[in-house]
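Okay, so subunit A shows up in both of these, paired with subunit B first and subunit C after.
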Partner chain A sequence: MTTAQTQPPIRRVGWSGRDGRRLSKLATHLIAVAVAIAGLCLVPLLGLSSNGMNLVDLWLVYSVSALGYLWVLGLAGRYAFCHTFMMAIGGYSAAWADARGAAFLVALGVALATSALAAIVVGALMWRVRQFYFAIGTLAVGEIGFTVLSRTSEFTGTNGNVHGISYPSLFGHSFVGDEQIFYLFLGALAIMLVLTLLLINAPVGRDLTAARETPEVARTCGIPVRRLHFTLFVLGSAVGGLAGALVTYWVGFIGVDSFGLDLSIGLLLIVIMGGLRSPIGIVLATAFYVFLPAALSGLSEYMPMIFGAVLLVTIMLFPNGIAAGLKLKRRSAA
Partner chain B sequence: MEQAVALTFSALAMSAVLALAATGFLVLYQASRVVNFAHGDIITCGGYVALWAITTLHVPALLGYLVAIVALVVLGLVLERVAYAPLRSRPHVVVLIATLAAALVLRAILSLWQGNTPMRLPVLIPGFSIDVLGVTVNGQRVVLIGVAAVVLAGIAFVLHRTGFGRRLRAVANDPQAAELSGINTRRVSAIAWGISGGLAALAGVLLAPLTVLSLTFGFTVMLGAFAAAVIGGFGSLRGVVIGALLVGFLGQFVGGYVFKDYASTLPFIAMLALLALRPSGLFATSTERL
Partner chain C sequence: MSGAVLEAADLRVSFGGVHAVDGVSVQLAERTVLGLIGPNGSGKTSLLNAMTGVVPTTGRLYVGGDQVPLNRPERIRAAGVVRTFQAPQVLADLTCLDNALLSPSDRRGTGVISAWLGRPWQARHEERRRATALDALATVGLADHAERSAGTLTYGQQRLLELARALAGEPRVLLLDEPSAGLNDDETRSLTSLLRIVQERGISMLLVDHKVDFIDELCDRVLVLELGRRVSEGSPAEIWADARVRDAYLGGSAGA
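Entry: the complex of A and B
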């Protein structure tokens, strides 16, 4: 017993023979995602109402953003409240690039770059502060950002409103209407799901687990905890920027209210509900967040209360997310 | 000159509100390590309860204000029982998210009860104003500054000259050691919730007549109070007061003269600059005191 305790922790680097189970889990998840995405391809053929199709698109694009937030919150363990601000930066940069005649992909690249840059600045300013200072500080970043965006007219339009953004087009094909946008968003979601699954199950995912659960031990083993978390914060924020750009191209308009505080809390709800390390749980939780208000349209004034209550119950009963909670229950019952 | 006098009074009034709000927030943080994101909505709630008492029960403004303060002390005690006690042994982050959820629920209840229309709370003494160097100063500002000064002095007295204050500081310093020396930490934390609620209500009712009472009223105050508390080092009462004065004067003077459009962002910029340069606050010491 004592020998086991005194042995220094050993950090494995790269794939090793003991990763068989990890690889098979990754393979199952990837197959499941492929099947689900293939199944979703049929959704536009169902003949949904225009409102329904609109909600489906919203679900997909919010899922992309929420997966980015999962990188920040779940993988990097940073309680950042500036994710919707990153979405706004992405949206405005894309609109700015579009107004100057940039192609769709170029504008997306600009959105990724500017939101990543913004995240680097925010992170560099506040990386050494305590966890809840970071929460408060990022909240303040959002407040400053939205005030500036709504008052300037240089980068944004008058009072922060930009109209008339062109249709997104890829390789000469324009995506017009909710049915076609659906495929664009589905593609983006598929890429994000695969990336997130790879990130969680690859060797770096092992480092991330160690860095989250026992940062001191992880650091002792030579895992660059801070650099890993910083990189994930920046990348996750950039994904948020990408999602903001996608929304902007879809709607053809961006205003300061497009990505407000409500969405910020919604994204937090999604990641807490979906689980801090479960990409599929995130997509399902986003569905809950997007479709529930539509299903209960008569109760719209009660929605904030319902969301608040769900958040409270989830965090009290399943601090690791509903999916993880159920899995744990099942395992202990067996 | 006239503008400077007017701005000084606005700045002092703003600082007074921020100091009250931030002290309420800090007492709670020190006693129970809860970063209460619902504090802003508790402030809003104070404003609405006073408005309800004055317009529906037709009581005088002073009584309405008192009703709000008492109601919010009770709300603080209830929140401690219902929302915080079950979470006592959970990680801080879980508690932080729980307070956010509580804020959502509270705001939704207020919106159902009072609607979304911005309202105005009556001032404490109608028609009261004073003249300073030829400038007429709104009486509510004077009341606000005076009440805040008296209350903060009272809080300082309680914290440093009474048994309860000593127990609270002990809990803030080291909860385990305090518990081992026979301090009833649960009772201290419950009382701290009550005090926090009362201070929030006080800040709410005193500021509301000077601005517009809406659902996001308290949230804005809370953000400013955060900035004041962070600048003050999140620990001492003295730090909070200095932080609040800094934020108040910065907002009114720099905002009033130079960056008119961006005045509301100044406290946050100051806070971010401070976090970047001195991550643990302007007056940080190795031990935490209140």
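Entry: the complex of A and C
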């Protein structure tokens, strides 16, 4: 029997797939990201209005945070509602470090560390709670956290407001103004996109799919489901903290309203619209979330309603997210 | 206990006052097939769940003489115990090959860190895993489907894919939950010869099933459960001759 079997050829490519299709998928995505990032580098040269440039920066930094949220929600399958709280923790930590003379990169490191630590604490407290209850629990933790932040003044400044944060600077170069901040945020987004693509196109991406779809079966397969989910929850939250720190450095100010419940719901909308496994989809959905209100500025009072309707339509038309939905449509049209 | 590759002692599983498994002990000798039969609701699947750690269980479990903690599916899997499920559990969105890669015995390079920082190292281990998984797919006859998504398979093929995933994990002990359920006679016959090959590879098996011929043909010994308790154990011939077993299957009144 064994001798009769023909051994399929094994090549040094791919995670799976005899023809290495999977690796070429990763390579294609990486190239697409590189091209897109290179193209985006030209945006500051377009001579956008200051408001427009501001929105572009907001889009990039929210994309970073949303990609972190993708790790939590899409990869770990945890409906955590404390992501904006993690952003706030990152922002305040960076402000705290900056006030004590820490360099920009050091402050970012502090932001990453404190938000990761906060996620470890929240995770350790709430890990046994599942699904809906985890969502409510983390929401409660976030709300309590925001209240605490607004009442203390030691760490967060009077009533949770910190002003006068330095300009971010890397290797002696200061990023002043929206045009320069743009490149800083673009770099962060590029790193996040690459990290996410590497995760999805790896054995761990396969294991995460199994862990999300059928956790009990995955555990009997030996996949360390809880450890993986916990790790991604902590890492994704730390990315949220990093995004919070970036926003804080950019604006030069942080207050408790900087990362409110609106943004929490917005991030959820983004990840659902973008698709639970599509980093590119997330970036597109974030653009939608940031630019649509500006495009419809006359209708700002109806914005929550419009977002609600969009969410509904998206879920009905593209249950796997916009990017996956468009891919499917294209295939059936071909 | 010498010679037992898997030994479970005094396993108990209860759901709100109902004792689904009530102090059952199992001994599976090296390179043998143990059948596990009993009427519906007798606790066969619960016993498998207990032995793979997916339901809260008390008792003791030994694999190859070493104690393994209950209620820890990953640890039990790492000790070499692999199972299939009553309804085939495959991921429809993944390819058959990816499905077969989900339960490898060697998990090196499958973590987050290696996805980011150890790609070449990861690729080296993944290559070996792929070879094993493709080999397992070939063994069950799904080699041509490796690149297709598992959702395109028939029910019978999904069962085979689950078996391939288990075999790709190079198990010491294979627990099969009604592998012949939903298969026609031809498919059952080819499953029988497939499981013979598995047995020849030195893999011990615990086989839950309802089909008498299937059990007779494959099993060295048979364990009979009723209401979560062990009723009888012996060779297939002894079992079918046992009045208690007939009672268990046909109900208490059948003694008349």
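Methods note: the second predicted complex is superposed on the first by the 306 of 334 C-alpha atoms of A that agree within 3 Å, B and C clash if a C-alpha of one lies under 4 Å from a C-alpha of the other, contacts with A are read in each partner's own complex, and residues count from 1 in each chain.
The criterion applied here is as follows: a contact is a pair of C-beta atoms (placed from the backbone, for glycine too) under 8 Å apart; a residue touches a chain by one contact, two chains touch by 3 or more.
Computed from a predicted model, the values in this text were never measured in an experiment.
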Touching partner for A:232 - first (subunit B), second (subunit C), both, neither: second
Which of subunit B and subunit C A:121 touches, first, second, both or neither: neither
Touched partner set for A:191, first subunit B, second subunit C, both or neither: neither
Contacts of A:41 with subunit B and subunit C, given as first, second, both or neither: neither
Partner chain in contact with A:79 - subunit B first, subunit C second, else both or neither: first
Partner chain in contact with A:207 - subunit B first, subunit C second, else both or neither: second
First, second, both or neither for A:27, with subunit B first and subunit C second: neither
Subunit B versus subunit C as contact partner of A:299, first or second or both or neither: neither
Which of subunit B and subunit C A:315 touches, first, second, both or neither: first
Set of subunit A residues, in rising order, touched by both subunit B and subunit C: none
Partner subunit C, residues of subunit A touching it in the complex: 1, 5-8, 10, 12, 15-19, 21, 195, 198-199, 202-207, 209-210, 213-214, 216-225, 228, 231-232, 235
Complex contact set, residues of subunit C against subunit A: 52-54, 73-74, 76-78, 82-83, 85, 89, 91, 93-95, 97-98, 101-104, 107, 109-112, 114-116, 119, 122-123, 126-127, 129-131, 134-135, 138-139, 143, 146-147, 165, 169, 197
Subunit A - residues contacting subunit B, complex: 79, 124-126, 128-133, 135-137, 139-141, 143-144, 147-148, 151, 265, 268, 272, 301-305, 307-309, 311-312, 315-316, 319
Parts of subunit B lying in touch with subunit A, wherever the complex brings them together: 35, 83, 86-87, 90-94, 96-98, 100-105, 107-109, 111-112, 223, 226-227, 230, 234, 261-262, 264-265, 268-269, 271-272, 275-276, 279-280
